[in-house]
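Have a look at the structure that comes next, please.
The letters A, B, C and D name the chains in turn, as written, and every chain counts its residues from 1.
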Amino acid sequence: MGRSLLLFFTPFIIFTWIFFGISQKGCDSVMQADAAKQLPFNHQSHVEKYGTEDCQTCHGYEENGRFKGTPSVGDCTSCHARDAVLNSNDPLEPKRKPMLDSFKDTDRPWGSFAKQPDLVYFSHKVVMTAKYEDGRLKSRCGSCHGDKALSTDTKMLKGKMLMGQCMDCHTALKLSNKCAVCHD
Amino acid sequence: MEEKKIEIKMKRKWGMAIDLDKCTGCGKCSVACNQENNMPIFEDDSDVPKRVAFLELMKVTNDKNAKFPDVKTAYLPKMCMQCEGNDSGKHKADPPCVSVCPAVATDVGDDGVVSQIWSRCIGCRYCQAACPYEARVFNWWKPEYEGSFKKSLNTDVSVASRGTIVKCTFCSHIWKRERDAATAKGILDINAVMYTPACAAICPTGAIVFGDLNDHESEVSKLTTSNRAMRLTNSIDDIKDPEKKKALLNKKQFANPKVYYLTSQSWLRDMMRFKKNS
Amino acid sequence: MEMLKKIFKTCYDGIFEGTSKNTKIALYVLFALSALFIIFAIQILFWGLGYTDMDNNFTWGAWIIGDLGLVGLGGGAFTTGYILYIFRVDKLRPIINSTVLIGFMCYLFTFVFLLFDLGQPLRCWFGFAYPNWGSGVYPVSMLTEVFFCLSFYFMILVVELIPTILEHKVLIKNKYVAMIAHYMHLLMWTMAAAGTFLSFFHQGSLGGGMWGALYAKPVWYSPTFFFMAIVAAMAGGTSFMTLMPYIAGKIMKKEVVPMETFQLMARISGFIFIFYFVFRIFDIYKSAVVLAPMGGREYLDMWGGYYGIWMLVLEMLLFAGPLIFLNIKKFREQEKFMVIGISCGVGAIVTSKLSVLLHGFSAPNFPWKGFTAYTPTIQEWAITLGCFSIMILIYMAFIKWFPLFPHLEHNEHDAHH
Amino acid sequence: MKKIERKDFLKLGGGAVLGGLSGWVFSGAPFLGFQWLAEWTQDQYVPVKGFEKYVQAVSDSCPAGCKVSVRMIGERAVKIESKDGVCPACHNALQLTYHPERISTPLKRKGDKGDGKFVPVTWEEAIKEISSKMNSLITEGKANSIAAINKNESLNGQLMEKFIKAAGSNNVYYEPSLKSLTSSALGGYINYDFANTDYVLSFGAKLVEGWGSSADMQKVFTQWKSKGTKIVQADTVCSMTASLASEWVPVKPGTEAVLAFGIANYLITGKRLNSTGEEFGKWSQLIINKFPLAKVASYTGVSEERIKQIGDEFSKAKNPVAVSGKGAHGVNASSAEIIAVYCLNTLVKSRAASLMTNSSVSYKGEFAGLDSFIKDGNFSMLFLNNSDPVYKSVLGEELKKKMEKAFVVSINPIMNDSANYADIILPSLSFLESETPENKTVVSNFKESKDAKDIIIALSKSIDKTKDAFSFTNGIDSFKVTGKETASGAKFSFNVDKIKNDIDALDKKFAANAEYPLFMIPVEAPLVGDGDGLAFPYVLKSIDPTVFYKGKLLVQINRETGKKYGLSENESIVIRSTRGKLDKVYVHLTDTVAPDTVAMPLGFGHESYTVYGSKKGVNPKKIMAADVDPLTGTADWWSTRVKIS
């Protein structure tokens, strides 16, 4: 009996592990977990050094309230000026980043992990400005994107968003879960 | 004070009043609607029963009953009437189409607009059978946008796939857009945001008036309560005796649409009802 | 290549061996129709419903008529099963296998038709995954109900069909198979009971409730339609279940089912038809006097165009068949009157289903519009007729290779000795 | 160690398969795959996102100069909105701008004319070819054989007129429009002060269906409604205007002019009113003798009492106006009709109708109008400025033949029936792509296409004689020289001698005709108009099933008439006139048209107007009567006698 179990479970475990790995890798690439991230970015150091806790510094809004999404290289060069020094002793002084040289200011060399499907109308502005009666914000960037402030790279922290996650939040906050709230 | 303003309770109930005495049948509403809602483009769109368009410009004449020259013509822009239904005791208020959907692809929003989510739709067309206003359209063919026509597509309205139902939603995406813009300006109260659907915005004679039916001061409320107002084929409106009406409403659900047609022309009023024995 | 030829030859011989010329022709036609079905099925599934004559006003067409007819007539399976297994009317035993098979096929092809009718067949599972159930016990959408009940009942029919397959002369030699078949037969009453329970719901919903619930459409709206459809299925179904083996017997020139079983079935059918007729008259009366005026329409005004009042008249005429010939003993016991009776019964049910759909959709929704018409395209005809021919082929195959008619086997067995 | 047996292999294999399966399932791959399958089968196009903004634009291609606000997503224009109203052509500009069949480069004909085969050439080559041809014509002294046909009086048209005139030719024509017709007949077009009228008497002018400046007319209509202005519409079909008017005077087909004579007759004889127009005496004698009220009543089908009543009301109103020009987008009227109706205005001294002229638009060519030019004119070089005379003119077939012998240049954004016969096609822009002094362009030029103004200026610079025609090199500067509208100084004349023959011919026109017993009259569907709209798919989407249904063009015929000829709904018929026949038309029986009338929709039957507009229905102008009016130089669309079978 023991031998039978051994004979069965040894390949079982090995193959579970192998296939799990392969499939997950495949899923990740399908889910754009490896979305083109041509430029590395350290969220943590920026937040710590310059105190830019406010994500809106780079991930801001257009005039009409639409979310800009990933910043453009222009946003980088506004601090890391193209003619700034390459090295300096002051750790707080923004330096020139040679890796930016090959990009135009309008380029956005980062892909988006969490792209909304076309039929979803999601307004970052509306969600991010909603407040409780006592003035606390109802949602934070981290609620959906994970604690990016502590991340040192551009990897996705939370998995792909599914409609259930949106609905969970809406239910918890006693918000309307009608289809037309987000869909057209 | 600031917190008081953050009111999530929806107060709006969107409705429409179409003044047929002012409508000249110019068809601008139709073009504007098609453009706004990314209607599919076909080489020959003359197969009218299979046509995919939210707004149908219906030509109405009374020539079935009248002879030349006692005839009249009118164009009647017809979109989804966003029916409410009524609570009949046995059934809670529901539009005719919403209760029949087997996959919950259609639903009544908090603002009273009947939504239709094509990505949930299985294409059974039961809602079409249920709709008394022929307001729902089915993508019989794959929606095509030949070549550069793709460039004129609106990003706020997703392009549906073949084999799904689509319908007019009073351009509620414009409302979302306006809400976004208002939030950016610091207006957080959802009930403070107004909008105008594409058809009402383009109407050159102002025949299409859109607004909030719950707001009794709004133009649309005033128009819909005028004695020129009528609802298409909703015969229960003709019963004046409130007791009798109540009894009927308890017996059966009625469509109870939110689009009103205004006309002082008696022939057109007759045409909006099925006349007995005609 | 040789291999393929050999396989083809074997199949060909297997199918056509020992068949008469007429049967061969019939088989060729049926196979041709089935082939057409496959061709057009691919077209419809891959390129959509634009190729049909259905449109935004005439939402449903030939396939839903097929659905309504198949489910309505397939309803004979649960009625017969119930009477046999619960009331223990053993006289019905010779017909039950055929009944279950017809029921099974009716439901199978209902699914097929429904699948074709969906604009997005790949999303058919949404009906189960996101049912419109509302907050109550009973689903909000009649179609949700149809989805669930139909599937459950279909599973029951599969279970009911298994013993018939297991009793195949090769399989039954295995002692385990024989045992399973035996016990399944013994426990079949549970299935029959459950099947009847479920059938009541989907017969009501697909056949009637689905239409009766459309409150904004005075052509259909009728709260009692649901219950009427159940009675209709019982009445027409039993007729249909009698008719099919009868035709098979005529073609095979053998007594496949004893005459007394036919007689009993016909009697049951005729008896239920009385109820159905009364119900139908009541329904028409109520629609004409109460419901249509409530929806602002005149009942007779809604009948017109191609699918006018003649459909109603025809239905009434067809009613006379089962009502007279199946209920009066003198007529019923004459074979030809019995056949006329059950045929008219089937005809009445089919006509009523046709009129529900054709007349319902052709009636205008706006006062200035006229009645519309529906002319199915080649695709719709091919798929509808193709399905029917596949059904007939399956039935024939079962007759040939499985003990569909125990009575027949019994007789042949006797003859051998 | 025990030997591994066959059964053990099964265990190992089973473990491997089950392990792989569970690993696959637990990784979430099947669920993701399912979702992917669902998304893949949805297969929808996702419009390119971008920043939303609104851009203001003024149309320079329509005479009304529509002001619109264009919604932009990134660099794409997605919607035209307008608070002030917009004409159908400008409303369709978005579909024109992004039309998949836009002409992208200058094209040169290859193969026979009408084959529709063109090869792309560069701008330099195209201009060079045109200029060498034109230069040689001018040097040969054949400058007058250069002609141009403009679509309308917008700035493009004015520049074209100036260019051709500078080249030494007088042959500049406009597609028949309200302004061109009235200018030819009256010596100036009529400026209506609709806002202040209290009584409008319209002779078949479908005022709210696209007539005149359609956006303005819609505004005027709402004012009328709120003020309670009385609108009396004489019309043969129950049009929207007739239906919305206070009174509809149903007249027999084509007899609007006679009704105007009758009313004038009554006003002159019964009310003793006088007109200041030249030759009034002669004219009044003519109509008093020729059109007594009884005869008018029998011709028009309007009773004498009714005519008198209209005359009374019209003369008593504070500020009445009579309006001529039958039709909506495609306007047509004989000069006799225009003069008779304008006469009514002068009789009551209407303040709401005044004659105007435009300094840059003469409407005067060698011939009276487009149709007479096609009929009698000879040209060896023709410019088509966005116009489509082959389709629009009753004499389109003749024009085709003449175009085959001439050198034709077409300036067009998309292909049309006339451009198909061109030697050179120069791609122009939609108004969204052209710049005005107030506004920048909304979207950038489509490929190599250029602004029509720039094209005309470039052409003029390339020709020796017209080098100095324009003092500027840039289209944007041309706005400075826009024609000024001024009140017409010249007194209007009844021109009795010229129109007398036509008036005499009326008797014959309305006489019973055994061979061609029916009248064919044109009607228009909303947005389709005179055919311009048919290239745009969203216009196709709004066509009513009683006009064009499942590829069948329906003509409207009165029920009684239908019964007389044994016609049933949707039956295929052939319409014949002396000029030819139209087949593949289908019957729609309706009482909204007068008896013995075939109401034929205009705007269908294009030969090559993109895939959306072509080969749909038939063009009724092919069989319309082609008697060219002496003053307006256009054929009367409303006097066609037909028979059906």
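Definition applied: contacts are C-beta pairs under 8 Å (C-beta built on N, C-alpha and C of every residue); 3 or more make two chains touch, one makes a residue touch a chain.
The structure presented is a predicted model; accordingly, all values stated were derived computationally and were not measured.
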B-C or A-D - the one linked by more C-beta pairs in contact: B-C
Computed distance of Cα centres, chain D from chain A, in Å: 55
Distance between chain centroids, defined by C-alpha means - chain B, chain C (Å): 39
Approximate Å spacing (C-alpha centroids) for the pair chain C, chain D: 58
Gap in Å, rounded to a whole number, between the CA centres of chain D and chain B: 32
Per-residue multi-chain contacts in chain C, two or more chains: 120, 123
Residues of chain B touching at least two other chains: 47, 51, 58, 61, 104-105, 119-120, 142, 158-159, 161-162, 177
Touching two or more other chains - residue numbers and ranges from chain A: 64, 66, 117-118
Interchain contacts, given as pairs of chains that touch: A-B, A-D, B-C, B-D, C-D
Contact footprint of chain D on chain C as seen in their complex: 120, 122-123
Chain D-touching residues of chain A, taken from the complex the two chains share: 3-4, 7-24, 26-27, 30-31, 62, 64, 66, 117-118
Residues of chain A that touch chain B when the two form their complex: 61, 63-66, 117-119, 121, 123, 125-126, 129-135, 174-176, 178-181, 183-184
Chain B residues touching chain C - in the complex, by the definition given at the top: 47, 49-51, 58, 60-62, 64, 83, 85, 96, 99-105, 120-126, 128-134, 136-142, 161-165, 232-236, 238, 248, 251-255, 271-278
Chain B to chain A touching residues, read off their complex: 2-3, 6, 8, 10, 104-111, 113, 115, 117-120, 156-159, 169, 172-173, 176-177, 179-185, 188
